[in-house]
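These notes open a run of structures that come right after.
There are two complexes below, and they share chain A, which is joined by chain B in the first and by chain C in the second.
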Partner chain A sequence: MSEPQRTPFVDSLLEAAAQTSLPGSTIGWLDAARRENLEAFAAAGLPDTRMEAWKYTALRALGQRRFAPGDAQAAMRDVDASAFALPGIDGPALVFVNGVFRADLSRTEALPAGLSLLPLSQALQGDAEPLRFALSRHYREGGDVFARLNAALAGDGVVLRVAAGAKIAEPVHLLMIGAPAEDALAWHVRHVIELGEGAELSLIEHHASGGDQQHLGTQVADVVLREGAKLRHVTLQDIAASSTLVRHNQLQLDARAQASLYVLELGGALVRHDLHATLVGDESRLDTHGVFVLNGRQHVDTQMAIRHQGLNTASHSVWRGVADQRSRGVFRGAIVVAQGADGSDASLSSKNLLLSGQAEIDTKPELEIYADEVKAAHGATVGQLDERSLFYLRSRGIPLTEARAMLTAAFCRAVFESLPDERLREHLNHQLMAHLPSA
Partner chain B sequence: MLKIENLHARVEGKDILKGLTLTVNPGEVHAIMGPNGAGKSTLGNVLSGRDGYEVTEGTVTFNGVDLLALEPEERAAAGMFLAFQYPVEIPGVNNTYFLRAALNAQRKQRGEKELDSMQFLKLVREKLKIMQISDELLHRAVNEGFSGGEKKRNEIFQMAVLEPKLAILDETDSGLDIDALKQVAQGVNALRSAERGFLVITHYQRLLDYIEPDFVHVLADGRIVESGDKTLALKLEEHGYAWVADKDPVLTGASA
Partner chain C sequence: MTRSHPATAFDDTKTIMTTETTDRSDTSATLRDNAEVAAALGRRYEAGFVTDIETDSLPPGLSEDIIRQLSALKQEPEWMTEWRLQAYRHWLTMPTPDWAKLSLSPIDYQAISYYAAPKQGPKSLDEVDPKLLETYEKLGVPLHERAKLAGVAVDAVFDSVSVGTTFRKELAEAGVIFCSMSEAIREHGELVKQYLGSVVPTGDNYFAALNSAVFSDGSFVFIPKGVRCPMELSTYFRINAINTGQFERTLIVAEEGAYVSYLEGCTAPMRDENQLHAAVVELVALEKAQIKYSTVQNWYPGDENGVGGIYNFVTKRGDCRGDDSKISWTQVETGSAITWKYPSCVLRGDRSVGEFYSVALTHHRQQADTGTKMIHIGKGTKSKIVSKGISAGRSNNSYRGLVKVEKGAEGARNYTQCDSLLIGKKCGAHTFPYMEVKNPTAIVEHEATTSKISDDQLFYCRSRGIGEEDAVSMIVDGFCKQVFRELPMEFAVEAKKLLEVSLEGAVG
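After this line comes the complex of A and B, so read on.
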């Protein structure tokens, strides 16, 4: 094996690790897991584009950058969390500023029965044993470099559990805010989420920025749905166009569990989202709905991998991408129907729109089937606005820019139609419209 | 109102219109008839400003303005309307939303006050009544899943709401059965007025049984080769387009 390059990026994060005392550092197994992941991170360094998972996302520029260790001021920074309130949503909320939990900005009083919601930093002060399985994971895939980094350096995040049978009516709002600091810094959050048998939860994962900054944020989330549990997971990513965010979300569905994911990617200079879902149990069901809208020099890469493992499982995915100016969107949707996963039903649609000659979108649906009696369909397109439709609108008096905006909005809008929560649906559509090139 | 003089136009390097001259005054209904390939649809497309049609000679003025210098949306705002032969389906764009955006965009370009949703709804209700169209069409996406007849009626309904000064009907009768044809013609007739001109482009005479023209022109090989009143359409129906070609020395020479 060749010696990995020691980049300023890796050096600065190793220095950060040496300087930081993380919550839970006295827990032996946790400390060991952090060390091992850090060593693996240092040994492998950043992957290059020869690696399939990073083929379209070059990390060379990131490798030359240095990040300060965690934000010592995070607990005191003046941040207006109300700027990120979602209309009509006033249930439980956990707010993190530069990766640090902020009780003063959160709403954790009077939690509904069956919901347990704690920041990881607090959970580690109590009995950490229930977290052992999730937090002592090793990320062995070569491409999991940021998950490794996160495992080594995350000291906060959310530990959320819904008791068996509990149906939580109000959505839980997780808000990660990147706040401007003296230096560009790296922050990390680690979420552990579990829905017990038959439990129901609506979750909002919200990434925002309290101003212009060049931070690197990483997030790892483990989400487990026990038998018959139902999750609705809405992600709104609207960070500053100068910052970097890498998310690694892992989802496990036991028998008859159901998850509906809605993802809206709007912000960021460099954004990477790995979404790995495994339909472990029979008759489990996943649907994903995603839209990215990019402009400037944004680069947003979504890598979705869905694995059908149980009998008669279903996954349906609809993704739309719009890239304007010199932006670049990447979408890879890989569906694997494992041996024995008979009766699987999988579909994936990725349609993309280029609004400028300099924009680029790379989309790649992949389908691997090792089972029998499988229904699978996938399709991907990259194109431009339909000239005939544009002319039709213009011939009725609608100016070109407005006609383009109208058709672009129409292209994306259908994706969130199936989101049952009207408040969230309206909000996502509103944010979407605000980011589309306007008339 | 519309003055076309010696219009030459080219599509993909091929000359289609070769010196077309025509004047339409307010209140007049002109029918343009002609065989396939005569340049009928090219005329509609050139007038509405579609890309890919190159005007190589001649002028078109619309109420004194150089029409060919205007963008398609400016032509619409100036009062020109093209009822498409093949209306486009636009999934995701609601019909009512589209129509209100169109009307307000035109009003804005003309410096008029935009209509709020209440005023617009009132206008739409009025027009629905005249057009005898069910309001169910309004709630759907523009032309999506519409039958051939519904698409054409939707074109006429748009015309009713936008109230153009000049309406061009591009083979509006194509693909319609007789009942749908009658409905569409009824709509058009309801919109005839002393201020509004019509240019009805058609291959067949039967549409003109229901929309009675003041003038009939025969278009052949890119020029108007014969003009007359509505009886000309009947003669054509009886004798076919060959009859006109026989009378035209250029065409006779060309086909010999």
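After this line comes the complex of A and C, so read on.
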């Protein structure tokens, strides 16, 4: 292995760590965990493309950049949160600007019974012990460099708990806004989410842009679903065109828990999303649906790994990608069926449209199977719009650009069809359409 | 001198080999009493006998001196010695690859002897040591008969030296050169110089570099312009001596419009130490040429506890250099403790075609990480991949493939199908397909499934009076049919039989 290089990137973040005092720094175990993760980050530096997890995403350019430590002015930034309101979503909301919690923009009054929703910075002032398991985690995998960084530097985020049996009707809106600042900033949020036995929740993770900036945002989320819990998790990522966002989401499903994930990736210059789900309990079930639509020089890399551990578990994944202009879309969808995970039923489909000679799609569906009572299948395609369909539309007087947009939209929108919230579904589809090339 | 087994050794099951500590014959005797048990538990490795002939080996170890000695022993020209040394120097700088899904203990390259040749230098088939010929008989390759009956010209490689090449005359009349690599280096130096290392450069990867430095022998095939090779060419490889790695190097060149079908079969005797086999195969297809390369690989897989067996680390690559050329790989892999092999096609010429058909079976503690690479460079290039993996026992079987469409590959087309079949609860079947597409007119498709032999299928067969093992082998045969169809007839029969033997004891 080559010696890790001390890049300007690593240097600037280490300086940031030395300057900032994070909430909860008086808690011994938390401080120790942060320090260890920081040391690991400093020791390993940024991975290069020889590392399998980063094979298609080069971080050389990022390594040469410097980021200012978190935003001291975040509380004063003039941000209009209402601009990011989603139709029909007016329940509890937590808003973060450049990684800092903004009570003035959030809605936390009159929370429904059974829902506890706090910013991490506040939660750490109380009894931090329940957070110990999640927050003292060490990220040992070589590729988890941003998770390490986040674990070392995150001072805020969401602590969300749903009590056993509580069914929360109104969706919870988590809004992370990147706002323009004097320098390019690095900000970090850390979410800890737990649904108790039989609890139900609908969650919207929303990454938005408050104006043009070149920030680096990192997010680590731990989501645990206890026995029989149900989660619907919608992610809308529409950050500023020149900013960078790295998300590392971990999901654990206990017996009979169910999760449906919907992910729409639209913005950002460099976006990386690691999604690790483990079906721990028997009869747990996970559905993932995702779309990325890229143009310009965007680079979006999704790395999904689903691990079946319990008996009779199921996972179904449908992902669509569109890459136009000079963009690059990367998708890895790994399904692991552990030894003894009999009755697993797993499927994954990754279909991609490559619309330009300068764009690139790299897709890698994987199966790793260690049990024999399984049904596992995956399919992946990379292709272009069907010439005959285009011809059909054009012969009916629809201009080429419009015909292309229509077909591309049709290619993507099937993914969100199973989303029950109609207004939200329409909003996602609308956003998607607006982002489509030549629409 | 090689260690020899009692003549009956190859009839014994592999269980016998596991329990061996120091005295092999004793254990054999005890266990032969329990033949029934053994027969039920293990599976036979029919080619597991050792031919007791004297061998002339270089001392174990690897250094520039050894390479010079090896080169001198083979009476190679200066440029070849230099080529080897360059590869060796490069190899020294390379790290051992660790990306494959394999677990293996580090290989001690200094403990391997890089050259072993039978002592009596054979001049023609008739002079070949009868014991050697007997070996081939046991393997089912009686040189004379097989050649005559099947019309196959056989270049048999025994350890490191090619002992006999049949049908040379008939081939020569057609203008085809089919000889051992050592002979080719001596007699067709210019051709070898032109093409050797042009598909798999000496520094391509760790094992290719090692092979380039120490390759002992192999086959050289040259089909001149417009010639359709009058018969199927075949090589049988066999690792015999203890502690010798076999590093063969095969080069096949098909000039404009030429056609050749090449068959390769491999077996090795039972040993309880691991033996290394690091081969390189290079194919070059010029304009409108076609090369069909079929392999049945049945190296000794080790016993059911993973003791012994061949480490099969092979680099195979075909270069469709000319327009409208075609290279087709077909492989049936049932042997080796570890297989690390990705027969690939570089589709450089416009409208060139690459195909890969594979059946890989692993049992006991075998590990296979195998697949293919299809690199689309030319316009209108097409590739097709059909891979069938069967895992049983405690084995791990991975498909790893890359389909890459470069910017200029207008209208490139790929279709990939990977199916895995699991037999038993402790085995693993994995699929790692990489797809990298840079051209918007390309269509790349990949499909993969994993399943086990369904109880319904088994029940159906059994209710019709078919025994469980027969039923399994019928179902497996059906699973593999798409690939077997691509094999030349004699090979297809052999492959089917191999699967049956390999799966013995896998169910129940």
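Going forward, the second predicted complex is superposed on the first by the 435 of 439 C-alpha atoms of A that agree within 3 Å, B and C clash if a C-alpha of one lies under 4 Å from a C-alpha of the other, contacts with A are read in each partner's own complex, and residues count from 1 in each chain.
Note that a contact is a pair of C-beta atoms (placed from the backbone, for glycine too) under 8 Å apart; a residue touches a chain by one contact, two chains touch by 3 or more.
Model, not experiment: these values are computed from the prediction.
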Between chain B and chain C, positioned on chain A by superposition, is the outcome a clash or a fit? fit
A:356 in the overlay: touching chain B, chain C, both, or neither? Say first, second, both or neither. second
Scan A:364 for contacts with chain B and chain C and give back first, second, both or neither. second
Give one of first, second, both or neither to describe whether A:381 is in contact with chain B, with chain C, with both, or with none. second
Is chain A touched at more residues by chain B or by chain C? C
Give one of first, second, both or neither to describe whether A:372 is in contact with chain B, with chain C, with both, or with none. second
Per the contact definition in the header, classify A:36: touching chain B only (first), chain C only (second), both, or neither. neither
Shortest span in Å between Cα atoms of chain B and of chain C, once chain A is used as the common reference: 15
Determine where on chain A the residues touched by chain B overlap those touched by chain C, and list them. none
Touching chain A in the complex, chain C uses residues 99, 405, 407, 420, 422-452
Would you mind writing out the residues of chain A in touch with chain C in their complex? 52, 56, 339-340, 342, 352, 354-357, 359-384
Could you please specify the touching residues of chain A with respect to chain B in the complex? 386-389, 391-400, 402-403, 406-407, 409-411, 413-414
Partner chain A, residues of chain B touching it in the complex: 48-51, 71-73, 75-77, 81-82, 84, 87-88, 90-93, 98-99, 101-103, 105-106, 109, 141-142, 158, 162
